[in-house]
Amino acid sequence: MSRIGVFVCHCGLNIAKTVRVSELVEFARTLPDVVVAEEYKFMCSTPGQELIQNDIKKYKLDRVIVAACSPLMHEKTFRKVIAATGLNQYLLTIVNVREQTSWVTSDIEVGTAKGKALINGAVYRARLLSPLVSRVIDVNPDIVVVGGGIAGIQAALELADTGKQVYLVEKSPTIGGHMAQFDKTFPTLDCSACILTPKMDAVLQHKNIKMMTYCEVTEVKGYVGNFDIIVKQKARYVDHDKCNACLACTEKCPGKGVSEWDEGLAKKKAISIPFPQAVPQKPVIDRDSCTFFLKGKCRLCEKVCEQKAIDFEQQDTFVNIKAGAIIVATGYDLMDTKPLVQYGYGKLPGVYSALEVERLFNSAGPTGGKVTLRDGSEPKSIAILHCIGSRDKNNHEHCSRVCCMYSLKFAHLFKEKTSADVYQFYIDMRAAGKGYEEFYNRIIEEDVKFIRGKGARITESKEEPGRLVVEAEDTITTKFINLPVDMVVLSPAIVPRADAKDVQRMFNLSSDKHGFFMERHPKLAPLSTMTEGVFIAGVCQGPKDIPDTVAQALGAAAEVLTIVSKDKMELEATTAIVNPAVCCGCQNCVRVCPYGAPSFNEQKNVCEINEALCKGCGQCAAACPTSAIIARHFTNEQVLAEIEGLMEY
Amino acid sequence: MTNFKQIEENLKKEAKKLLEAGSVAVVLAYTKGADEKHPQPFAAKKADDVANIIFNEYCNHNLARYIVRYAPGTKIAVAVKAADSRAVVVLIQEEKIKRENLILLGIPVSGMKNQKTGEIIDEKTTGGLTNPVVYDVLLGEEIHTGKPVSPYTVLEQYEKMDKDARFAFWKAQFDKCIRCYACRKACPMCYCDPCFIDQTKPRWADKSPQSHGNLMYHLTRFQHLAGRCIDCGECTRACPVDIPLYLFHKKVAKDCEEMFKQAAGMKIEDKLVMVDFRVEDSDKILE
Amino acid sequence: MAASVLKKVVIEKINEVAAVLMQKGTLIAPVKEEAGANFREIKDPKDIYLDYYNSILSPKMVFFPQMEDFVKYQLAKPKADAKIVEMNLKPAFLFGVRPCDVKSFEILDKHFYASGIIDTYWKARRDNTTIIGYAFDLDKPVDSADFYNTLGIGAADPEGSDIFIVKKDKELLLKGITKKGEALLGELSMLEKADAKDEKYFTDYVKKGKEKKTRFMKVDDKAVAKKYEDIFENNEYWTKMSDACLSCGVCTFVCPTCYCFDICDETIFGKGTRRRIWDACMFTDFTLETSGHNPRTKVSQRLRQKVCHKYSFSVRKYDVISCVGCGRCTRSCPVNIDIYSMVEEATKL
Amino acid sequence: MEFEPKILGIACNWCTYTGADLAGTTRLKYPQNLRVVRVMCSSRINPSFIFRAFQLGADGVLVGGCHPGDCHYNTGNLYARRRLAVTKKILDFAGLEPSRFRVEWISASEGNKFAEVVKEFTEHVQILGPQTKFKIAGVS
């Protein structure tokens, strides 16, 4: 016989509005084995917690049921509450009467009836719970940060400063990310390079950071505290240990490739560094434009390299890293706007995308910082079109958040660098950040013209060949506008990286409907993911500006420290075990486990589970025909009992 | 038609050879029970035992059933008809036995008879194959009757039934069940010990022979045999109250074959469909 | 011997007899089912199936049903409570039982109350039931599985029945064997008086029944019991016997003298029943102990238990072999294991 | 009075249960006939749970898991898909309306989908009426 206590939370009116809490309590009191049932306004508050703890002592409770919000919200909180009284934390059952009851109905009769059924199910289940002992594992103190943009850099530096070993894995040949492409940053207009490059250099110099550029994670195994990560070092064809960064090779190289860093607006050498301030300052050979790789001869770089660092035989190599925690900060792509044929991007030379314009402003950019059209002339009038592909049900429903502000920044820079008329075509102006509204007002005063209406189409002007016409509806005057301009800047939607799905699977993340990585809880665990020990920071989680990105990076670093600052940590005890007396040796468990936790013991003719490898999915228990596998905390008996309890009412 | 006398002779000859040479510890074959019309599975362990081996049209029992009873590593020779050989294939796939420990004495058969009813056993109640799918020695000529027959034709009338009528049919059948468990014990694939139904943690179904417990027992057993049942029909022949279990097994086998593009126990290198998946499996199978 | 009551009735009129018995209480008689005949409560006299050889399940189920509810209980709502299930018995008439099965009731009587520990459920049903035996049809061949002669039972032995019936062409001759039977015959007005020729026919039939041969071997109870004690540890014999055995429960469930049962609680939504159900020594979990230890893990051990229980332990305890040679186990065995052959082989050892 | 079916939901912790929470967080309204059991993965679902639920009087059973390929345990739902497909066929051949048993892939971000599926399924089961075939006789 169990001694069960049932505690029902009002959650203010969140629950009480559509569930009669007192009735649930009265109901619970009639159930077998329930010795006490109580209600409280906020069960998660200190007095609420004390109420539970006192009742555990007073009534010698050996099972506790808390009917409140989702277990994903406060299961851990209440586990701690009961553990503090000496009761095993796994003897807690949460009944979800908020997210899955009170919030999804407006009928108090229905909500109360459902609450009763759920409580009854919990009582059935609670009786069969067993105390479980958490597994304690050693924690590897090292950290892997994936993505060398500003988020990854900031997180890596912060963690390295605490003395932890950090591996910073970056896909491209340099760290810096998108921020390195920018000229100025809103709203303060400080120079992007001025604030970023010192941090890039700090990464290079930091003794605790192992910077791994031109690398990609190819496999992640293990679990929190003990991840096993395989990183592919892509062949650079330059031995970076030997290279002294003299860049003589780059000067002599005849190969011409496209500069990704300049968004294709400029060429680059086949052997090159992406941009002058790149870190590391050591080059990489681009196979696609290297004369030797294309035609089989050249090897000029090899000849000029005094360090004998060029190595055309170099192969991809794989490095194994062990780490206790991971930060994923893989950033974003801008939407390819070519499919939006109405805007003519890629066809009309006067149509630019936002990142291209960033490069035009940049003194290290293809034009040396001068704003000129592709023919070299200076534009006389410029239209900036917001929300291209975003806030658009046909493309991306979400707001990309930063476009309003960088469009204002563009307008300012255009005004500063040219004498052009600048037009903003916008749906709404969103300037909700510190100093952002002030920046908006400042740009208005700079004689930038704001037209409230989304740019609908860009066509080539018939009257003035070479010029463009922006078609739009001004929603204030409700007039259709045909505005002739020289240059159009598109602000495309910020979208997940093209390979985000692969990254998601590798790190076992969830994604939201737009494809951005999903946080464990939008408010209370914005940097955690569903996978313990893996955190997310920056735009890979959703569009945001640099201050927010940096804040997230710092937050993620702090989250990581909560894990790696300890030698040992507790893991969920909800693993599966085999009852050898009933195992028939069919080995179904061995076949279905994705982690290789079960194995077959030929001597005993039974299967065994290595708990260290088990992640508690319970798949084996369902595949086991004899019910020999006990998926702890989700045993067959417990689930069946809960089903029985739920179906009784 | 199978020449039963000739096969019996060959079976005895092979068994004797194997036992005399000591290449196997046991030969699984048949002997007479109360009389020759009631043959009994037989484990010949000495050359002298071979004289007791018989083979006739009533030797239906699936001898694969007995293989798992011997300690791992025991060398066993088994007389396998078509269905027996498919059962052996599944046992090998499930790693209950190793192929190298088996010598399969293949028996091509047609014209086997049900000892209770005297009816010819064919694709209506079994998989309907005539030749073993795997063997080391074939004890008779392969039988090719011409056009292949579908073991699933018999299902048509039940598939056509209205759901309520089909439920009424099965309810009446399962209500007859006395829970003697002859079906699972006769089944070569039911080697679990204990069976889920004997479990007390949890008690999946009541032990008393009532409708609901019987339904749970049989449906779960069908699920457990999905993709594994090789349609030998032994469960049905073992049943003392004549529940046509083979119909349900056939239906599940047919569905599995359609969904997973593989019939059970045909090739040793096949994967076990229920503990496997294809990324390209369609959600249509859930409709 | 006092002139006992002999009556007769044309077979077609058995419906009328049945109708009266159904009015007096519960009538249980063989009924034709898909797989063969079984004893069932008669709702419609037309269902009685007298042309049967023997039933698949033995008539022990009339006194010892496969499922017997003892107690109904509820856990806590509104409060914990339990009630004994009343049997609510009406007088019962068990019609058409073959002599070997009638004998089985005597054997089970020993198990269920002659030992001094009385099973009230068994006893209540036994006391309440009038047994109407029915001789095998001597014009038809015996089934090859039968061996009731071996156990000293004839095909037309009236002993043990209250009323015993033999078939005479298109008539049935009904003889009162016990007071209870005679009284009942007196109450059945549609029966005709039998004449002297009928009397002779009946007596001859019983005698001829003794000569009707099933499989036979000479079995001395004490000797066979001793033999099985001696070969208890003869692994070769038991392994050989059990090589084909599937360890299912068919033989025990159809057996008229197997009486093992399990008592279990079956609960749903907090309401439950404590009931007894048949169990079988051939099941793996029959001897499974709470510790997980199982003293009989091998098929051979379980088969040994079954055979020794019938042919050895029962003799030692009650002076009777717990087998009536009805042949049901042999007929129903999925792999044709034959207990007669097993005993025969044992006696040769 | 309109028939109010009892519907059992079995939802995986990572996707469908979280999606159901999201439906709540966003205050979507859906019929409350569903009672959800949380399991870690849809592959945890023993087919006998489904049979049992119907025996206990469920008028419908809804299983929710991550989209194929997005399973928190990589491949759990791919096994579950096969297993539960067979379960559905068995229910069908046993004479139960197979549409009383539904498997849906609902991700953590699909609160909308969760609410819609529940609404649609509840209405469907309402039309089918009470499930009496599997329900154990004599239990309320």
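Residue numbering begins at 1 within each chain, and the chains themselves are lettered A, B, C and D in the order written.
We adopt the following convention: a residue touches a chain if its C-beta (ideal position, glycine included) is under 8 Å from a C-beta of that chain, and two chains touch if they have at least 3 such contacts.
Only a predicted model underlies this, so the values are computations on that prediction, with no experimental measurement involved.
> Which chain pair shares more contacting C-beta pairs: A-C, or A-B?
More contacting C-beta pairs are found at A-B.
> Find me the chain with the mean Cα position closest to the mean of all the protein Cα atoms on display.
That would be chain D.
> When the centre of a chain is set as the mean of its C-alpha atoms, what distance in Å lies between chain A and chain C?
The separation of the two C-alpha centroids amounts to 74 Å.
> In whole angstrom, what separates the CA-based centres of chain A and chain B?
53
> Between chain B and chain D, what is the separation of their C-alpha centroids in Å?
Averaging C-alpha atoms per chain gives centres 34 Å apart.
> Quick one: chain B and chain C, Cα centre-to-centre, how many Å?
33
> Counting only residues that touch at least 2 other chains, which ones in chain A make the list?
As it turns out, chain A has residues touching two or more other chains at 592, 623, 636, 640, 644, 648.
> Using the touch rule from the top of the page, what residues of chain C touch 2 or more other chains?
268-269
> Find every residue in chain B that makes contact with two or more other chains and list them.
Within chain B, the residues that touch at least two other chains are 193-194, 196, 204, 274-276.
> If each chain is a dot and touching chains are joined, what shape do you get: line, ring, star, complete or other?
Topology of the interface graph: complete, with all chain pairs in contact.
> Quick one: in the complex, what on chain D touches chain C?
Answer in residue numbers: 56, 136, 139-140.
> Residues of chain D touching chain A in their complex?
6, 8, 13-15, 17-18, 20-21, 23-25, 27-30, 32, 35-41, 43-47, 49, 52-53, 56-58, 66, 69-70, 72-76, 79-80, 83, 107-110, 115, 140
> Taking the complex as given, what residues does chain D use to touch chain B?
47-48, 51-52, 55, 68-69, 75, 78-79, 81-90, 92-97, 102-103, 105, 133-134, 136-137
> Using the touch rule from the top, collect the residues of chain B that touch chain D in their complex.
By the definition above, chain B touches chain D via 158-159, 163-171, 196, 204, 211-212, 215-216, 219-220, 222-223, 226-227, 248, 251-252, 255-256, 259-260, 273-279, 281, 283, 285-286.
> Quick check on the complex: what are the chain A residues that touch chain D?
70-73, 96, 98-101, 103-107, 110-111, 113-114, 117-118, 121, 504-505, 508, 510-513, 518, 522, 530-531, 574, 592, 594-595, 615-619, 621-623, 631, 634, 636, 639-640, 642-644, 646-648
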